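Dropping a structure here in structure tokens format, bear with me for questions.
Every chain is named by a letter (A, B and C) in the order it is written, and numbering of its residues begins at 1.
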Amino acid sequence: MRRALFAFLTVLIGVAVVAGTALFVAKNGAEPPTLTATPAGTSHTSNGEVKHATLELSVFPNASSTQAGPNIPASTTTVVANAQQWPFYSPSTSIQLPAQALVTVTIHQYDTGGQIYNNWFAKPVGTVGNTMTVDGKDVPSIAPSNVGHTFTIHQYPDSNQPYMYVSVPLPAQADNATNQANGYPTPIDVTFSFMTGAPGSYVWNCEFPCGNGYVEFGGPMSQRGFMSGTVTVA
Amino acid sequence: MSTTDERPLASADEPESPTNRPRSMHLVKQWLQRPYVRRLLWITVAITAVIIALSFVMVGFMNMSGGPGSAIMNEIEKTMFVLTFTCAPLMAGTLAVLTYSWWGGWGSVASGDEPTSDGPAIQTNGVAVVTWITVCSVLAAFLVVWGLVELATITSDSYGSVPANQQPNSAKPVVVNVTGQQWLWSFDYPDSGNIKSAQLVLPINVPAYFNVTSLDVVHSFWVVEEGVKIDANPGAITNTGFTPTKLGTFNVRCAELCGLHHAYMETKLTVVTQEQFTSWIREQGGTTTS
Amino acid sequence: MSTAVAIHEQAHVPQPKQISNPGGFLRRTNFLTALVSGVVTAAIFWFATDKITSAVTGPGATNNMSLPSGLNISITMMYIGWVLGFMAGIGAFAGPIRWFLGHDLTHADAEYMAGKDMGREKFWKFTTDHKVVGIQYLVVTLILFGFGGLLAMLIRTELGATWTEVFNPNFYNSIIGTHGIVMIIAMIIVISGPIGNFIVPIMCGARDMAFPRLNALSIWLLIAAIPPLVSNLLMGGIRDGWTVYQPLADQAPIGMIGYQVCIITFAFSTGIASVNLITTIVRMRAAGMTWSRTPILVYGILGSAIMGLVWFPMYQYSQILALSDRTLLTSFFVPASGGSVWLYENLFWLLGHPEVYVIVIPATAGVLEYLPVFVRKPLFSYKLAVAGIFGVVGLSAVVWVHHMYMTGWAPQSNYPFMMSTEMISIPFSFLVLVMLGTMWRGMPWKRLPMMAVYAVVWNKVIGGITGVYLSDTPVDQYMHGSMFVVAHFHYMLMGAGLFGAMGVISYFFPKMIGRYLDEFWGSVGFWTAFAGFQVTFMSMFVAGLQGMPRRVLQFDSLFNISNWISTIGAYVIGIGMLIFLYAIVDSWRNGIIAPDNPWGGKTLENFTSTPVPHENFPVLPVVTSGPYDFGTPDPYELADDAIMRKTEGAEKVSARS
């Protein structure tokens, strides 16, 4: 009887350790709070009247005194890394969009760039008309040597979910662009629209090598909250 | 306390039976008289049947997402059956001895007791050893030969020589350059005006050949229901291929851990008719040269 | 076996001068001093390297992740400092330093180092007594299994929560890799460590191992290697599987350096331990213990040690080169600068394959060792078992490419390697035949070690057939990189390996600890874990057949059901293992006291007292017969002989036997 009690206690302690570790890790690996697209009435498309929503994002080359970094626990990134120097998407990388809607996204791009590895990602794909607007001008593709980042939404590994693929390149700032008072240059504004379908979950990430380590896909490129995140269509 | 079966005295040969029969046959017949041997053989047969039934279940699981979609996948499934049938008797025999011993067919001593007597002092049995080694070697050799032939068959399917068990295909093959990248596949059709796509679209019954590479780390190009897989290595081009034999939507997955979004590096293969394929190419802005 | 009555006089050996109290520096060192020394040296190395690299590359450089080498070099030196400091702090360098100074160790020093007349404190020091080292290995193994098991529970929780990402993908990728390497290390040492160190010298009739100080060195190097590995989770994780394929490993944060330094250190520990085991087994068996009278467990550990010694350096080199790529910006594995990813894969799998036999052979040999005791029959065809072990050891060298069928490295090589891989099933089958033949017509004594044999054979059959599928290149074209592979190797390494090890440890537990493992609670834990194991991994085979890739935290909803079932099974394994752990801990303190010969065995360790005295045997034994001399004459053979005598005459009968 005494033995049964102690055996049970051992199991209980083991379960507590596992549960405690899981909760601690889940909390410390948390992603930024969800950013929901703002409803904006309806819009007339070739499919008739659909809901319309807008979303606004910015890409900064680093955090600074004038711009806070991502809203994630400090312990998430490498202990001694200076994550303040990493580029990131602001205000959040966890995005929520309405289903069966036309979504218009505006991204303010503040970072420099260079040559992208795969020219396929220098073209907008999956947007309305496969095009995008850069500072007001319609642009069907940009020079692969002048890409800053990309915003690429792609598939969750579930064949039951509706397929979605949207990829938009963001032009780079010139290396010698003058900085404004806030320490960043004048943003390049990129606008694009795409249709969402039935509810589903997706992920997005940047496809430009703006990280560090091997082929510059380490560091911020391999960390949620900076250059990658989730998209929920609900 | 020994509870082994009563040991039947091997009967002397029937008085009139001549000694034409080889002595070994007589020994085997005698050995088969032992009750536990007969029981073990029956258990072996029963377990073999179960294993063979399970092989159908296994292949059933493999086909749950729409496969088999190509001759290669068919060969793989056939091989699953052959491998299982070949190994089943030996597996079953092993499990039969296991079961019989555990169930107490030769008796047992409860854990609370102490054993009081020893079992039979069988140091070895030449017949058993030789039989076992021979059977295992023959089965292994058969599996090797089968495997080598199968490998050659599907390799010829994959790499462009005339497929061994398909009709010679007069259709010009579709060549796709597959680029694996963290964390997306992109496909390039060089013969159709270099159109690019994030999804793979192929016409049915036309051989498709893939030049696979990676721009960063090692990925693995796995077209699940078509039964092909090849690593996408940086700095090298590897090849595979298949001929889709079924219309529908299938899965292309990455089968080598490649970083943050490895789990999400999945896209679709859509197998369509030739006309649909041609119009899809035109939609992407490509040229269709026949 | 009988022990000799001859009395040997201790020869008088002239001793060096006794410089200080016996033990010298080692009187002051223990685990605590090692920890402190390790941490301090790590800090010193870190600061010094940091200063040097900043001076070379400019201020702030080491903290700038855009320059990979600065921070990587300082962290590497920090870990190296930890290992060197830890080893210095435990007194590992005392012997060589004293030799250098001309103050050789005396007999009194050696006795101190062997823990003579010390109490519990000898377990915390650099003790050379193989029995102490064996217990240290046992405790370290249990801790590693606990940590690996915790990670397994986290992994299964993520996979069971199919509707969300419980952990973020980086953490998940890190824990699958860390779980893998921690379990691999634990499985490598689980038999060769506790049993190889504690039991094998006694079973060979020796007083200690061939190189006692190397013995202590191997366990303390292992202990030193663990914190770098575990700390990776606090340094960003390794974000890669246990195979840490390049070039992905180059993108990982600094946690990867912990992994690499751990493996480099662990490889030294394994090599040293292998040398020790091989020399002991080859040279220190008791008088009369010819190779035909050597217990099969000893053969198994010998085979495993040989494989480890030859192949572990490959793994070590792969990590040294990877570390060099990271810190010195070489490009062994960076294709764009002339390197090759296939080079890494080959180096890795050259160890990676023999490694699984390093794990499975000792477990199998251990089970074969005690099986005759529980059915009280000789080991069936002992010579076949030895042939099987060495057949596997030899062939294990030429099958590694079956892990690389799908890499596209050398497609033509798939043919010969498929052949060699199918062929290795033949010597392996010898071991299965021996197991079956020993069970055949035997009356099993249903204690826990015997019941473990049934579990092992069941798991081995399932692992074996699924291995046949994977060895066939066309089938592997579907299965590689899927959960089918994961389920297969868990059936072999955990099903046959770990459950076998649990049986072996429960068999030798009375001799090592002096008390029997509690039969009831040990069995409850064992069978609960076994039941959970079947549920978890059978379901995982289904997921693999359906097409689920491995190392993914989210997947197609088609695989949801099999993952839910696997997760529930995994929780049951966890509960079972915790109960087994409780049984071990409770029996350690309160178990039934064991006699000299706990199970009625005939190997040499049963002919010394329990607990084993400091010098193992009062008088070294002389062996006069084999270790499996059980059994009464076979009634069937007697009857056959009687008939033959009647029909063909007595000469034929004696000619036959």
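Simple rule for what comes next: a contact is a pair of C-beta atoms (placed from the backbone, for glycine too) under 8 Å apart; a residue touches a chain by one contact, two chains touch by 3 or more.
Please read all numbers here as calculations on a predicted model, not as lab measurements.
Student: By C-alpha centroids, what is the most central chain here?
Tutor: That would be C.
Student: Out of A-C and A-B, which chain pair has the most contact pairs?
Tutor: Counting C-beta pairs in contact for A-C and A-B gives the edge to A-C.
Student: Using CA atom averages as chain centres, what separation in Å is found between subunit B and subunit C?
Tutor: 30
Student: Determine the centre-to-centre distance between subunit A and subunit C, using the mean Cα coordinates as centres, and give it in whole Å.
Tutor: 43
Student: For subunit A versus subunit B, what separation do you get between their C-alpha means, in angstrom?
Tutor: One centre to the other, that is 41 Å.
Student: Give me the residues of subunit B that touch two or more other chains.
Tutor: Those would be 65, 216-217, 251, 253, 259-261, 263-264.
Student: Please list all residues of subunit C that touch 2 or more other chains.
Tutor: 169-170, 239, 247-248, 251, 336, 552, 554-556, 558
Student: Where does subunit A touch two or more other chains at once, residue-wise?
Tutor: Each of 156-157, 159, 214-215, 217, 222-224 in subunit A touches at least two other chains.
Student: Could you pull out which subunit C residues touch subunit B in their complex?
Tutor: Contacts found on subunit C: 169-170, 173, 239-241, 245, 247-248, 251, 335-336, 339-342, 375-378, 380-384, 406-408, 411, 414-415, 418-419, 422-423, 425-426, 429-430, 432-433, 436-437, 439-448, 454, 457-458, 461, 464-465, 468-469, 471-475, 477-478, 480-482, 519, 541-542, 545-547, 549-556, 558, 600, 630-637, 639-640, 643, 646-647.
Student: Which positions of subunit A touch subunit C when the two form their complex?
Tutor: Per the touch definition, subunit A meets subunit C at residues 3, 6-7, 10-11, 13-15, 17-18, 21-22, 25-26, 29-31, 76-82, 85-86, 156-160, 211-215, 217-219, 222-224, 230.
Student: Where on subunit B is subunit A touching in the complex?
Tutor: 65, 179, 181-184, 186, 188, 196, 198-199, 215-217, 249, 251, 253, 259-261, 263-264, 266-268
Student: Within their complex, state which residues of subunit B touch subunit C.
Tutor: 2-4, 7, 9-10, 12, 30, 34, 36, 58, 61-62, 64-65, 72-73, 75-76, 79-80, 83-84, 87, 90-91, 94-95, 97-98, 101-102, 106-111, 113, 115, 117-125, 128-129, 132-133, 136-137, 140, 143-144, 146-148, 150-151, 153-155, 212, 216-218, 220, 222, 224-225, 227-231, 233-236, 238-239, 251, 253-264
Student: Could you pull out which subunit C residues touch subunit A in their complex?
Tutor: 63-66, 68, 71, 150, 153-154, 157, 165-171, 234-236, 239, 247-248, 250-255, 334, 336, 518, 520-521, 524, 552, 554-558, 574-575, 578-579, 581-583, 585-586
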